[in-house]
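Each of the two complexes below includes chain A, the first together with chain B, the second together with chain C.
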Partner chain A sequence: MRLADRRKWRLRLRDLAAGAAFSAVALSGALPLPVTVLFVISLGVSLLGRRPFANQRVWSVLALLAVAVVLFGLVSRGALDLVVAAVGFATLVTAHRMLSEPTPATDQQVLLASLLLMAGAAALSGDVLYAVCLLAFGVFACLSLGLSVVEGPIERDEELPLTPVLRQVSIGVAIALMGGIAFFVLFPRLSWNVAARRTGAGVFGGTTGMSDRVRLGGGGDIKTSARVVLRAKLEPAPRGDRLDRYWVGRHFDLFDGREWRASGEPGMPKPRIMRAEVGGILQRIELTPAYGSRTLVGLEQPIYFGPATALGNTGTSPVQLVQVGRDEVRFAEEANAYTYVVHSRSDVPQLEQDRAALEALHALPPELDPRISELAARLADQATEAEDVAPLFERYLRNNLNYTLELPGEVDDPLTDFLFVRKEGHCEHFATALAVMLRTRGIPARVVGGFFGGERLGERFVVRAGDAHAWVEAYSPARGWMTFDATPESGRGSRPPAIFSRLVDAYERLEELWRSRVVDYTIIDQWEFVRKLVRPPAGASSAADEPDPVGPAGERTPTRAILGAFAAGLLVLLLWRRFMKGPSGAHPAAGFLVDVERKLQGLAIQKQPGEDLEALTKRLQSEQHLLAEPLSRATRRYLEARFGDRPLLKEERRALLEGLERR
Partner chain B sequence: MPPKHPELLQRLQNHIGELVLGKSEQVKLALTCLVARGHLLLEDVPGVGKTTLAEGLARSFSMSFARVQFTADVLPSDILGAQVFLQAKGQFEFRPGPIFHQVVLADELNRAPPRTQSALLEAMAQGQVSLDSVTHPLPQPFSVIATQNPLDLSGTYPLPDSQLDRFLLRLSLGHLSAEVETQLLMSRRADPLAGFKPIADAADLAALQDAADAVQVSKDIAEYAVRIAAATREHAEIERGISTRAALSLMAAARALALWEGRDFVTPGDVKVVAVPALSHRLLLKNSSQGVFARDEAAHLVSELLRKVPAPR
Partner chain C sequence: MSSEKREPRQKNGWRRSLKTTRVGRTYLVITVGIGLGALNTGNNLLYLVLGFLLSIIVLSGVLSERVIADVRVKRLLPDGAFAHEPFALRYEVSRVKGRAFAVKVSEGGGTLEGWAWIPTVLAGSPVTVRADVTAPRRGPLRLKQVQISTFFPFGLFEKSRTVDLEDLILVWPRRGFSCDPPEADHGRMSGESGNQRHRDGAGDIQGLRELGELEDARRVHWKKSATAGKLLKVEREREDRKQYTLRIDDDAPGDHLERACEETAALTNRLLGEGNDVGLEAGGRRIRPASGPGHEKRILSALASLGYAVPRSEPLP
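So, the complex of A and B:
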């Protein structure tokens, strides 16, 4: 590779390293937009090979200083977080250096500034994407440094065989990365979680699965979204891979014929929620930035919302819960993501104390199509109680109406349109129809918004944006609130396209691994890991639900660990041999050369600079060295094998090497 | 590979070494040049044994030898020969010039005018002489050993590049070391060439030349030579790098050198040894000075390139 090419690649790799560091920062979502735009432009300009600041040192530095003053002015006024401002400034410094004269010193400054960016990004987000960016940064920066190391001593415009150099550098990088991981796993340390912030919704933005109103009509693509909005760890952990249960979010009790609203005063803070006694299923829930709402959800029926934590741009902090309206619980503060605990019990009847509230749930929209009450009356026949009537309606709706997400256009009376004209709709239509029909029969009913589903990924369950769902709760004086769902089963969960959902799943798995092995990995986990390697886990019953062909679970683990260690050792050995043999294109005799040279080194025979084996042999011969005779034989045989097409046999090789030992 | 080749070459080196004391490396390269069917250019000041070496080479093989002293008034016909009208027969007859010998010593070649110099070109390149549309083959093996004085350049015609490119190797002998010179002064009396006996014949040389042709060049070695050639072409201080003919010459010399160790293959070491004498006189440097300084500088550049271009190992 010629000088110009080498330089071009060095700069490109450097810019890519800076780009990776910038991505780590940008993905946290905390960086001010102008800074992001400026950097992206600079990166593009730099990758095109333009350096506009090369001759504008004074002006560009002054501009940079001005930006610094603005940024830190914002910090002193409290408009900007200090870390964000520092990272933003580091971003601009990186961009400035990238666009300056491309000297090795500039390279180092760019890489140093990028390293600062990586450190800043670590403070802003501990996401799995950060890990990816860190890897990319490390690889690109190492390769760029490798090229500049080559370029340093050889400044002339000469063809250099760079591939072997870069190959060695790459091997070095790979080994360093593996060593880094090993160090990370084995070296005692604190959890990353101590200082981490959680990223915002980032470049994708939040979803709008949870809104204040449910408006009938229109289609939607939310059902096809595979993005994960909620992760939950359940205790006791249910069996199976699919949960298929209702996650209750909001209740809507007022219907005006077009949309559902929640009664009560929105935003009125009330003290912390405490309902009934604790028990049932405990859920440790994390709402991801994609959730995009402040409403807490829990498996039906949530009875107690526990301590909650908000993960914002400035770190982790406890967050107040407030009750809004009758049943909705919200976080008091806006944040990127939240974690909280919720207890749910479905076995306790949820009896309503407030008579007036129940009365309000009979209310019907003013201009209701009379056909609806007629239909309800006909279907209900003699039945009066919710538990008898609702299943009849459910069956009717399910059997006579179709589920669809494609509802183009607006209509005046969406409910009539759904029931008698189009005869198809989505979950909100089904829920509305069921609730209204129940109300016409004098049964208190309301629409519930939340999620339906839950898939196991690792030890957690995830709920996707596409799992958003609406259903109905009806009140029976004898049995309290009961859940009914008229939507056909096929329409309840999410329906993401297969490829996309697989991608998201893979990412989720990676994220899970990153969480458990990096972010939340502490000295205790390290201890557990080492202990498991040494002897079987004490509670072998945890693996009892898996079929066990070998024998008692206790005996299996050490065997497995030993086999694993053996395999790992074998792998290392193979890799070692592979790489110590030199590049794969080498001549078969090259191994002999390496052996001879190693032997000579062992015999403390020093080569002069630039001397190869042939020249060394000639020199020793002229010096009448003791080893001259056996060495010249070995050299001759090597040269024959290497350049004369007379391959070296194994025994011959050994004999020649032994000859070198005997003096 | 018969074992006699290295032995014969060694004997020849020792034999000529008795004549030209203390110059065994140069003798070795000169012999290598003959074995590679090449022509030799000896550049040095007068009195260091150029002519003795040339004559010694010719006499050792008991080959026919002619010495031509080039001056400003030497004409092509003085070298090549001419048609002479024979009165008795009443017809023209070709009288061969001194070039019709197996070893021709062209002494002070750069003193001859260009047309005389170029008269040698065909002879050196093709081993034949064309006169009046008749082509006369030269006796084989045929070698020209030319000398020139790189310091005394007044009244000379520097050899054109095309002419220089025809010489396989360029050697300079240099002054003797003090010990060797002392020994020489004590021992030498009469003309040493007077009693100099051949120890081989032209057939031996032809056999050596055939053996050198049979030496194989592996792909790695050829690539190495190509890398060296490319390096001379791309070097910042070299105006014009070496030609493909020069690269061929390099390989030919390296093949002949391999015979000295009885090898039938070329090693990177062979290439390194012959690179300076085979290439340095063919380079045109940017800050081109004439004479001995240019040669020294070129030789220096070639050895620098040899250090830089990675050899196969």
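So, the complex of A and C:
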């Protein structure tokens, strides 16, 4: 490969490495937009081979210094996080170097600045995509550096074979990655996640949110979203891979005929909110950036919201909770993501003491279609209590109306339209209809917004944006608040496209693995790892409870450790030998010689003792043998390739061997 | 017996040196910074990056060792070299097995400044490269070691291996400033050169005469001699050239001798260039005045060895 091509490849690899490092930062979502735009433009210009700063060194450096001053000002005023500012500046330095005169020194500066970006991204984000970016950065940067080193201090336009260089560097990078992983696993952790940001703001922002209002009408696009908004670890862990339960978010009690609103004012911030004695199901919940709201979510009948942590651009910090009205709990501060603890108990009847509040839940829209009341009266017949009436209404709505996400156009009275005209709608329509019909019968009812469902991924359950759901709570003086859901079962969970859902599932599994094995890896995990390596895990044998004939567990021979160490040693030895041996010491032309000799044997041409190929050729020529001419050509070409530094091409080699066959 | 045919191994113990390059120093600073960040914050991703960076350092050591371990070097010495002036010193670099990349070859011990660069060396295909090196002083210079270095694979470190390889090179004095030449020789000519009548110049042919006794047989015109049946010598016009014998009386080592050698070398070059015959008397050795490039080398070699005891066993270039 000539100098121009080599340089082109080197610069491309360098730019790709810088692009990978930038992606790691950009995925955190923390980078200011102007910096992101500038880098993307610079990367494009650099990949096109343009270097506008090559002749503008002074001005470009001055501009960079000016940006540094601005960033410093923003940091000192508290408008920008220090880490974000540093990473932003490193991004601009990388872009500047990419657009400067391309020399080996500039390449190294680009890659070192990109390395700083990778370190910054490690502080800003904990996504699994960081691993992909790190891998890409490592490979591209090492290959670029390898090419740069072989080029030497003075670039000379001579032909150089680069494949061996790239091959050796690639093997080296693979070994370095394995070494890095080994270091990661074995290096003892002295502290963990003191200042780590386990998640960034995300590139796509929040998907669902919990808005203050639920307006009837429009489609249900969100049901097709497979983005994960919530991860929860439950104790005790439920059986099965699906969790068909309601995750309560907000309660809506005021309905004006078109939309539901929530009443109630925010209270004072508190570290925890307790409504009853702690017990039931413990949930350790993580709300992802895709959630996009400050409302806490918990399994049905949450009775305790515990210590919460906000994951923001400035790091991890405790966050206080605010009770809004009687039922909603919000985080006091805005952040990218949150973690908190919830206890839920379904065995405690939630009795309402506030009579006035219950009275408010009888309110009906002023222009309610009388057909709705008539329908409710007809369906309820003589029943008066919530536990009797609501199932009747549920059954009617499920059996007579259809579930659909496609509701084009606006209508004046969406509830009447749903019940008597279109006769199809999504969960908000079903919930509204049920609540209003209950109210017409004098039963306090309200709409609840949250999620329904949950899928097991590893140790946790995940809830997707498409699991967003609305249902009804009706009050029974005897049994307190009760949950009713008129939406057909097929319409309750998410409905993402199959392929997309599978992709998101795969990603989530990877993310879960990444979090549990990498991001949250602690010295306890290290200890467990070593313990499992040395001793078989308890219960691994079916006869674990039986007396061990060999002796106590602690005195057993650590077979697994010995086998593991032996396998690791063998692997290292093989790799080392392979590595130190390198490619075969034989000259590339030697293979051709072997092939020629094999052909001659096949053609019953026997070499005399001590006779080499040249001597054999001469002998055949003197005998005027048919093979003399093709063998002479093959011999000459072999000698040229072996000693004359004229490599033998594949096609040429095949043609020479075929020439021997034809005779 | 086959072991006798083998080339002597150039591996003399584990003599390696490691220098950090500029980018390597920055890399180490960043690695330490990331390590401190990882230890302080407990951020596992920083540990992951740190592990990768440390592995790269270890890998650099392994790959660079692999590059320089099996490299063989031979010196191809030049005919002559002037002190303080770059001259071409060639190396033949080869490998028995595997490949080597980004190899730098230089003289060990700082005897000569300069190096040669070889991008790739394949097994069984020796590469000859030229290094533009500079000798720091006049005189016989014993080259004892060759340093084989590499920046491979990432240019973070320069790893070097020193190989014992002895050679002797005679470095001629630098051709410095020359004063006015001394007076031309008178009455000190030997042989025909003192004869005003002799016509053995390099000008036009003036005629033929019979070759005298002790006269230079290279002037014989063989065709005419064969025709005449006796040895006939070609007589050519002789240019107006002078003979000079340059002298260095004090050959005690020191700065004085160095300057004298440099001046004499410059003067020799100048006088020969003007078409004169130049001779030398120095250190008890006398070179008869003569001309031609070979003669200049003889004088330069004599000047180079002035003040030094050149081993007789070592053939000088």
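FYI, the second predicted complex is superposed on the first by the 519 of 663 C-alpha atoms of A that agree within 3 Å, B and C clash if a C-alpha of one lies under 4 Å from a C-alpha of the other, contacts with A are read in each partner's own complex, and residues count from 1 in each chain.
As a working rule, a contact is a pair of C-beta atoms (placed from the backbone, for glycine too) under 8 Å apart; a residue touches a chain by one contact, two chains touch by 3 or more.
Model, not experiment: these values are computed from the prediction.
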item: Partner chain in contact with A:Gly409 - chain B first, chain C second, else both or neither; value: neither
item: Per-residue contact with chain A, leading partner among chain C and chain B; value: C
item: Touched partner set for A:Gly240, first chain B, second chain C, both or neither; value: neither
item: First, second, both or neither for A:Gly78, with chain B first and chain C second; value: neither
item: Contacts of A:Pro318 with chain B and chain C, given as first, second, both or neither; value: neither
item: Touching partner for A:Glu640 - first (chain B), second (chain C), both, neither; value: first
item: Which superposed partner A:Val165 touches (first chain B, second chain C, both, neither); value: second
item: Contact residues common to both interfaces of chain A (with chain B and with chain C); value: 158, 161, 587, 642, 645
item: Chain A to chain C touching residues, read off their complex; value: 104-105, 108, 112, 115-116, 118-119, 121-123, 126, 130-131, 134, 138, 142, 145-146, 148-154, 158, 160-161, 164-165, 168-169, 172-173, 175-184, 187, 189-196, 518-521, 579-585, 587, 642, 645
item: Chain A-touching residues of chain C, taken from the complex the two chains share; value: 23, 26-27, 30, 33-34, 37, 39-56, 58-59, 62-63, 66, 96-99, 101-102, 117, 119-120, 123-125, 151-155
item: List of chain B residues in touch with chain A within their complex; value: 216, 218, 220-221, 227, 230-231, 234, 236, 261, 263-269, 272, 307-308, 310-313
item: Of all residues in chain A, those that touch chain B in their complex; value: 156-159, 161, 587, 590, 593, 610, 612-615, 618, 636, 639-640, 642-645
